[in-house]
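Have a look at the structure below before the remarks.
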C-alpha cells in the first residue's frame, strides 16, 4: 500500500504528536486523524503488543503507512503532544510521565475524568497517578471550551457520557432536570478490539442485548457533568450492544422540574447549539449511519403526546465518542481552529 | 420442494384452520405453525395480492407446500377457525363476516384490542365493524388465560405491548407502578413485508434509530393492560428499529409506588412466572438470539445501584409478538394443550 | 430455563448417545439434534474446557437443559454411540478408544475422511490412530447410503465437500467432469467458536474475503469423492468468508468431457435427486436463508448463454455440513428411518 | 444541517459540473465527490422524482447541503461538464442533448460502453442515441488513460467489468488468457435505491445468493475489454448478492495459454500496477472493508498448489465501480491531476 507516501501537511506543523496505544480501535483512529490533519505531524504510533507491525496492515481502511513502535518514555524528544489510548488504570502512570516532560496530553481513558476519588476507585480500582487526579480538564468540548484553550491535560469523556450529556445539556444548563433515564445503544467497536465469544460475528449477528444492568461506570460521570451544568439529577443508565460496528445512540427520558412546552424545549436546544460546528439539532429523530465516520453529534428533543420529554443523541462512538473529540480538544489546546482536520 | 407432501397431523384434527393474509410476514408464519401443528389442519392460506403463488416460493424457509388462494367469505364451509393477519382497519369487516358464520377467529390486527373507541379512532381511524368492538378477548395469553378458554374472538396484542406488559406485569399486578418509561427495539420484520427505502438493506445495515417519537399507537394499549392488571400508570414509550430481522426488546424503567428491594422485585417475577410454559425469568439480561423462532418471552428485572427498577423483556416479534401467540390462544379457544405445536 | 425438563423421547430409545466436544459449534448442535430426536437418548455431552457449565447457558437457542461433563473414556457403560466433534488430529485417538469399546462412532473431524495417508499428513499432520485410518465409511449420506447401513465408524465430510460434491455428483457419476473450479462461500460459524480478531463483529460486518487462496485441505477430499463417483477431475477450490452466521454456497464451474445441453444437464440432476429426502433440485438459483437450520441441500445446475455449465449448491454449514448429516448417518447405522429427528 | 455552508473550493474551479440523476445511489455519491473536489464546482444536482428535496435529507452521510432540481436541457448555460447517472437506455438521449451543447459528459450507464450495436440491443434494448453509439471512450481509467485525456464523452464501465478487468488485465495484456471463470460478489448498493422485496433487510440479512445465472449483461463488456487488451478469451461470469452495503469482489479463475509460474504471474501484476495511484497489488487476498469509501482497487494473483491461476480483485462498487471512477475520468478530461478530489 503506497498511496500516501508522506503525511499531507500544509506547512510547518503546529505540534508533533505521538499516539500511545495505537493498535486498539480508538488509538488507531486517533493516529489516522492526526495523520491526515493539516497542522499536526504524527511522529509516532506506539503499541505494546503490535510493535513492528504496520498500522495499515492492522487497519487497512485508515491507510496510515507507518510502523508501530514501542513507547519509550525516556526518549520523547521532539514530541510536543500525546494522545493516550490506554485501558483505564493503565493510562495514568504514562500520562504522568508525559506531563513531567511537559507534553500536552489528551487522555482517552477514564483516569482523569472523575472529580471524586472514591467514585473513581469504586469503579476502576486504585488510581495510577493520584497526584494528577482531578487535574485534567474534562474534554466534552462543547461544555468546557474555554478551559480547554491552553489546557495541558485533557480527559476526553467516554462515549456514553458524550452522547448523553450533549443530549441533555440544554435542559441541564437551565436546571430543568429532576430525574433522567437513559437507554443507550452502541455498536461492537465500543467493546474494543480484544475479542471474546460475545463479539464473535456469529454471536452478535441478529442479536442485541442490554448489559451492565446493575450499574455502569459511566453513570457517575454523566451525573457529575449534568450537575456541573446546573442539574444535580439522578441518572439511571443502561447500555445495550447492537449488531453494528460504529455508532451510539442515547435515548433519554427526562423528568423536568417544571412543565415545559415542546416549543420551549426546542428553543432551548436550537439556541444552545446553533453556533456549534459539530452538534446539530435535527428536525426529527437521528440515525446512526448519517454520522458514521464523523465528529458530529445529532440531537433531537421532543415532548410526547402525554407531555413527557425525550431527547435523542447520536454519535459515532469511535469518533466524537473518543478519538476525533480528542483531536478537537487538542486543536483547542494548541490554539488551532477547533475544526481543523475534522469532519 | 417436495419435503412435506402432506401435513404432519397426528389423528383427527381439532380444527380446520384458514389463515387470511398469509403472504405477509405474520400470516405466513401463522400458516407455517398451523401446518406443523399436530392437532390443527391448515385448510387454506389466502392472499389478495399473491393468490396463485405457492407459499413455499414466497417463504421457502417455512416449507409449507401449498398454494395461496383468494379469500371467499361466501364459501367457508369446512373451516372451523381463522387466523386473520390483515392490516389494522382492514381486519374488522373480515373478522365480522367470519364471526357471523360462527368461525373462531384469532385476529392479529389492532382492531379488537382496545376498549375505548375514541382511542381506537384517534390512532387507527374509523372502525370497520363497530358492533363487534370490545367483544374480543385480549390475547396476551398469560394475563387472560381463563377468558381465552372457549373465547370466540381473540385480539392478539401487538408485539410491543406483549413484550412491555410481560416485562412489567409482576409489578403492575401488585399496584406498584407509578410511572413507566419504555425504550423498545425491534428488527425489520416488525416493519412488515411492504418495503420502502427505509428498510432497504443498504439503509438499515450499520444503522439504528428511534421512530414515532411523538407518540406510538401501542402506548395506549400498554396503559390499558397495565391498568387492567392493577397499575393505572402513565407510560412513555418509544420504539427503535435495529439492523436485525426478528427480535424485540423492551427496556423498561419503572418508578414504583413504594420502595421495593431487589430481592422483593425478583421474588415477584419468579412467583408470577414460575409455572408459565413460555415466560422465563432469567438470572441476567436477555438477548434476542436466544429466543429467535420461538414463542418464548425472556424477562429479567433488577434494581440498580442507585435504587431504580428496570425490567427487560425479550421476544421474537413475529412469534410471541404475533403469530405463535395467536396459535397459543387458538389452542386455549379449542381446549387443546396450550403448548401444542409451539416451542 | 425449564421449558424441557425431560427429553422428548417416544418410547424406548434406539441408542444412548454421547456427544464429545459439545461446547463447540458443531458439537452443541449435534447434542441439540440428539436431544430432540424421537429415537435417540442423549446420555452425555462432554467438553474439556466447559465441563460443569450448562449447555443451555452456552447455547440458549438450542434449549438443551443439561450440564456438560468431562469425557471419561474409562467409563462408557451405557453408551451405544458417540458423535465426536473434536478438532482434526485430536479426534482420532478418542475415536479409536471408543471403537475398542464397540461404540458406534460418527466422527465430524477430517481424521477418517481421506483414503491416502500422505495426503492426510500433508494437510493435517501425523495421524492419531493410524490403525483405523481408512476404516471409516465416508458419510456423504446420499453417495454412500448402502455402506452406511450398519457401519461402525463414519467420517462425516467437511462442509465444503458436502456442498461441492452434492452440487457436482450428477455430472461426476456420468464421468462428465473434466475440470472443476469452485468458489465457495461460508458464514462465520464455519470458522468455529474460538474467536480471533478476524471474526470480531467489527471486522466482519460489511466485509467479505477469500482465504486459503494457495490451497485448502478440502480440495483433495472433493477430488477423492468426485473420482470415486466416476470423474477423476482436477478441482480448483477457493473459500470465502461472508458476513453471516450459518450458510454455505458452492458456486461450481464445470468443464465437461463432452458437450451437454441444458436439458440433459437438468435431467441428470432431477433423476439423481428425485427420491432424496434432503437434496432438492430447485428451478432457479438457491439462497442461504431458505435452508438455514435444516439438513437440506438445494441444488441448481444450468448452462450459460455461452454454453458453460454451472452448478450451485447450498447448505447450512453447521447442519448438513456437519451435525445433522452426522445424525442422518447415525440413523442409517442404527437401522432407523434416515430422516428421523431431522428437517 | 449547516456544517458546510459553502463548497470547499480552492480558487477558481476548473469546471462547473452538473450531476444528473443525483437521487440514486451513484448520482448522489458523484455529487458528494464533486462537492468536496478542490477544483470542481457543483452547480446543480438534478432528479426527476426528488426535485425540491435536499440532497442531505436523502443522503445525510454525504453532507451536501443543496436542493435537488429538475434537469432543464434547454438551460445549461454555465455548465461545463455533466456526470449522468441515469438508468441504462434513459441516459443516451440526455447525453446526446448535452453533447450537442458541447458539455463534457461522463456517463455512468451502459449506453456508450459497448462497441457492437447488436450486443447492446440484445442486453439493453433499442439505443436512445445511435448516432453517438461507439463515440464514448471506455472509462476504465487505468486501461485507457491516454484516450481519456481530452475526451468529450466517457462511458464509465460497470462495477463488475471494473473489478474483473483490473483483476485480469496483467494477464490479458500478455495474451495469456485462454478462458476465464468469474464468480463476482456485491453488496446491496449495487442493486440500486429502488427497493423491492429482495433487498428488504429481512430478506438479505443472513442470506447470500447467485443471480442472473443464465447470463449477465456485463459478460460481453468484460470480454470486449479483455480482447482489446490482447486476450480474446471466453468469459463465464456469475454475480452474487451479499449481505453488506458497499463492496465488490471478483474471484477469477484463469486458464492460461501457456504454463506460467507464480513468480512470473506476480511479476506481471507488480510491474503493471506499480505506478498506478489507485490500483494496489496486495501480498495476500483482499477484503472489502479495507477499501470501502475509496477509489481503490485491491488485486491479488496467485497460483494454487495444483497449478491453477486465480486473481482476486476488490473495489467499492459505488466508488471505483461507478462514481469516483467517473470523477477520475473527468479529472483526465479536464487536464487535472488524476487523483484530485479522490482517495
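The chains carry the letters A, B, C and D, assigned in the order they are written, with residues numbered from 1 in each.
Rule of thumb we're sticking to: contacts are C-beta pairs under 8 Å (C-beta built on N, C-alpha and C of every residue); 3 or more make two chains touch, one makes a residue touch a chain.
Predicted model only: the values in this text are computed from it and were never measured.
Overlaying subunit B on subunit C by C-alpha atoms takes a rotation of 180 degrees, rounded in steps of 5. Among the pairs A-B and A-D, the greater number of C-beta contacts is found at A-B.
If you average the Cα atoms of subunit A and of subunit D, the two centres end up 37 Å apart.
Between the Cα centres of subunit B and subunit D there is a gap of 46 Å. If each chain is reduced to the centroid of its CA atoms, subunit A and subunit B end up 40 Å from each other.
Of all residues in subunit B, those that touch two or more other chains are 187, 203, 205-206, 243-246, 287, 289, 292. Of all the residues in subunit A, the ones that touch subunit B in their complex are 181, 183, 185, 187, 203, 205-211, 213-215, 219, 234-236, 238, 240, 242-247, 249, 251, 253, 284-289, 292, 300, 302, 304-306, 308, 310, 312, 314. Considering their complex, residues 1-3, 60-61, 63, 205-206, 277-278, 280, 282, 287, 289-293, 296, 343 of subunit D touch subunit A.
Interface residues of subunit B facing subunit D in the complex, by the touch rule stated above, are 25, 187-189, 191, 193, 195-197, 199-206, 243-246.
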